Amino acid sequence: MTSSRESTAYLTVSCKDRPGIVAAVSGFLFSKDANIIHSDQHSSDPVGGRFFLRMKFHLSGIESNLDKFKQEFSEKVADKFDMDWSLNPAWIRKKTAILVSKFDHALMDLLWRAKRDELFTEITMVISNHPDLREAVESFGVTFHHVPVEKDKKEESEKKIIELLKGNADLVILARYMQILTPKLIDAYPGKIINIHHSFLPAFVGADPYRRAGERGVKLIGATAHYVTEELDQGPIIEQDVIRVSHRHDIEELKILGRDIERQVLSRAVKWHLSERVLIDGNKTVVFI
Amino acid sequence: MTSSRESTAYLTVSCKDRPGIVAAVSGFLFSKDANIIHSDQHSSDPVGGRFFLRMKFHLSGIESNLDKFKQEFSEKVADKFDMDWSLNPAWIRKKTAILVSKFDHALMDLLWRAKRDELFTEITMVISNHPDLREAVESFGVTFHHVPVEKDKKEESEKKIIELLKGNADLVILARYMQILTPKLIDAYPGKIINIHHSFLPAFVGADPYRRAGERGVKLIGATAHYVTEELDQGPIIEQDVIRVSHRHDIEELKILGRDIERQVLSRAVKWHLSERVLIDGNKTVVFI
Amino acid sequence: MTSSRESTAYLTVSCKDRPGIVAAVSGFLFSKDANIIHSDQHSSDPVGGRFFLRMKFHLSGIESNLDKFKQEFSEKVADKFDMDWSLNPAWIRKKTAILVSKFDHALMDLLWRAKRDELFTEITMVISNHPDLREAVESFGVTFHHVPVEKDKKEESEKKIIELLKGNADLVILARYMQILTPKLIDAYPGKIINIHHSFLPAFVGADPYRRAGERGVKLIGATAHYVTEELDQGPIIEQDVIRVSHRHDIEELKILGRDIERQVLSRAVKWHLSERVLIDGNKTVVFI
Amino acid sequence: MTSSRESTAYLTVSCKDRPGIVAAVSGFLFSKDANIIHSDQHSSDPVGGRFFLRMKFHLSGIESNLDKFKQEFSEKVADKFDMDWSLNPAWIRKKTAILVSKFDHALMDLLWRAKRDELFTEITMVISNHPDLREAVESFGVTFHHVPVEKDKKEESEKKIIELLKGNADLVILARYMQILTPKLIDAYPGKIINIHHSFLPAFVGADPYRRAGERGVKLIGATAHYVTEELDQGPIIEQDVIRVSHRHDIEELKILGRDIERQVLSRAVKWHLSERVLIDGNKTVVFI
């Protein structure tokens, strides 16, 4: 991710597994004089399973030629194997919007990494249902929108959010946004909304996981980054991590320790998503790292 | 734990927290010329909480004097603070019985560590509802009892188990014993039965956790050692750990990886229990490590 | 660490181990009506070793009585056991100064945690040999001093630094400060300068550890927080951690991954130091966590 | 690794990177009606670097056709790209010999995993310079050879070892063998001798690493599995791991904790080697996991 992005693209593919896929894809790329820099593949089952591929390749001059390249790939390779596929230029920054409530730790970590260009993205806006984080966000030169969510008027708020996002978000991140999204918003960004849940899912699904973890006396607490689907906390998991805790930590301390895990897990998931490393396989993910 | 065990004892205490406990205990030990080697304490809440203490001390000649020492401690210290307490000689091996079904990995690890004297215990017997592991167990010089559990005759089997255990078990370990114990057996060994559950509890409570972990697409799998109570998989957690997995691992591979975590987690819990490091606090544990 | 700090203090003690120390200390505290909230102790060897103690206690009204309390403790307890000891009020923020060069990640993490009051300290200043980070520092409302270090004029620069620190630093943090300190500065802050080294010491002592780690093909990279002594990278280690890497990571990526470990390790070490959890034992540390 | 091994083979390749390699290899396999089950590749540098590939493929009837397949691959693909390559049938168990001295933990773990068929290998013999472990080894049904190493007669002993190994070892494992091998033995098994070193290399190269780790006061101890080369402890690292320790652990306890890491790290390295996941890249390894 640190090498030059010029003339470089990510090809991701998923399709029914059968012989000849790699030969077809690599043969096509070779015929175009493309050089494969990285390649990862996975088959959920060689017999009757699903095949997943991510290739990073370099092809001089692809910048001026992208549409033609895609059309040819579609005709010569993708159609034959009935592929779900995408070709993403590595030289273009994707647009990211962040939704947040009052906790700033996950948000700050993302803004900071974006500023250092660890993520290679353009953060187009931060939207919050509270005004508190305006100053912190604007100090990074990022636009802040306060969209309050009033009881019984959720739909109105979401309508406003959808308008703000339109054309400005290839990815939406819920960085501790304490509102449940409606299907309308979720359906508009399939596989493009990442949430951070502050527990090691599927343990402690729902609200207040640190309190429940403390009460259960677990010896590890965790965090989970997942794609948002209509079922609460049930979407495909991208990344999880844990930290050791003990009887010495009260619930406030669990929350402080948890913050560090939350922001690391979310940042890794976002970084992987933005470099096209995450492919969705039903309710699971294939993550090529 | 490797230093000499001669003239050495573990004192564990739990009681309502209030000022003066440490002064009273350490004053008593000093008056007896005992030398405190290690001491750990914890208060669940300094105001109105519960106090927990573990002390390892050395006192020349305590071997011939233990009962008198205990009586005096009871009268001069424990009664005043209404303590739950125990004094365990470090020089005496506790008796441990292991229950197992067909999986041998957790069992073997325990037998092996016992043989190397990592655990400082006497394994008095292994009981199994299957005959398969007899040879493996007996090769360690340990007695093996086959107690089949027939449908609708569970009570009979448990009666036999209880008889076998009588006088031979300060600790009972369920090293992947695939039978649910009846309250009768559980109540006979309060805080003295340790089970290994092959998931990161409370995720995947119940049967077949690896399959369910695989289907949910989690990125870490784990294991949990806990004391057995009447509620299935709900007893106080002693130790947990996890290992990273990915889309590349099918369910068989999760099981293989899981074995390593299971046996490590169980062995740690057993070792800590046997060196009096685990104190029960309601449905949680205080583990002094 | 999140509970009230009012009327609360940390007592730390180290002395030659012998019977009666805990009885004397806890007896004294009890006689003053103090309530011990936490207590940890360690003996490097019960016979002829060194004894270490940290107690956190609550004593109503100690705020107005601190000097007298200390004097009495000294006379009645500390002198008798020839103790190295300190008593630190939990309600007073210690003053911290940070030295940094151009890398901002460790610095930012500290400023951020200080702002959220995770560290309970007052950051009095940031000193850098480069002007680059002025704006970032000042955005936190913290004073920034640019003290260039010119070749052959190091002593002059250090003189200036020592003047700036005077009275303003109970703790000095080297958050990737790329200059070697002279003995004069080190001796002025014994056990009070914490450095973060970007390797898992003692591997890759000295310069450019990520490059050397990459060339050696290690499978884990790490970071080490330690007290600064006159011997480069040889001071007592406070905390270390590692992260898994592979052949896929080039040296630039090792540096990016390493940043996350560096800032976590340093922040933990600083937090522990500031809550009096770190006691120095020759060239090692006892960390009560 | 748990799926059927019938008609399945591993192809590993390393060569100078240039466009067309994947197309050539996958095209060849497709032309033979082989189905690629897994594929991993790595380039140390797309421009002027080295290319590494591991493919697991299924080809009906390859059992009776292996030599012809290899010859054709050599002529049509490998020669053109000047490849270092090997084709290993997945259905044939490789032969493994283990050298050990007195510590049994790493050895036992390997024998145990071999018995459960986690490793898919045939342990042909255990050779030791001490007689102590004979019974333990033979209880697994494995041949034990006692080859004492007398001062000034090392060469004689090694001669005997080389004879024993001849034809019986595709892999040689040093499972805490406390003798330094001579170049003669090392050269006979290039990239085929795996050693476990009981430290996190390059920290504590050489003897007695736990004592030195304890004296340095590190907060993590580790173990390293590496290929043996003529330079002591300097060969390509295959796997490393660490465990957290503290001031509470004396050197004996470090050794006990270290055992667990040593056997895990060694077992992982051996498992990966035997499933052709480890490719050597100068003094480093590419490990496809």
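Observations on the structure shown:
Read from first to last, the chains carry the letters A, B, C and D; within each, the first residue is number 1.
We take it that a residue touches a chain if its C-beta (ideal position, glycine included) is under 8 Å from a C-beta of that chain, and two chains touch if they have at least 3 such contacts.
Chains and their UniProt names: A, B, C, D = Formyltetrahydrofolate deformylase.
In this text, all values refer to a predicted model and were calculated from it rather than measured experimentally.
Note on connectivity: the fewest steps through touching chains from subunit B to subunit D is 1.
As for how the two copies subunit A and subunit C face one another, over half of their interface residue numbers coincide.
Centres computed as Cα averages put subunit C at a distance of 42 Å from subunit D. Centroid to centroid, with C-alpha atoms defining each point, subunit B and subunit C lie 37 Å apart. Residue positions 38, 42, 248 of subunit A are each in touch with at least two other chains. Taken as a contact graph, the chains are fully connected, with every chain touching every other chain.
Every residue of subunit A that touches subunit B in the complex is listed here, in rising order: 42, 44, 200-204, 216-220, 222, 236-242, 246-248, 281, 283-287. Per the touch definition, subunit D reaches subunit A in the complex via residues 18-20, 22-23, 26-27, 29-30, 33-43, 46, 58. Against subunit B, the residues of subunit D that register as touching in their complex are 1-3, 38, 105, 108, 112, 116, 118, 139, 248, 250, 252-253, 256, 260, 264, 289.
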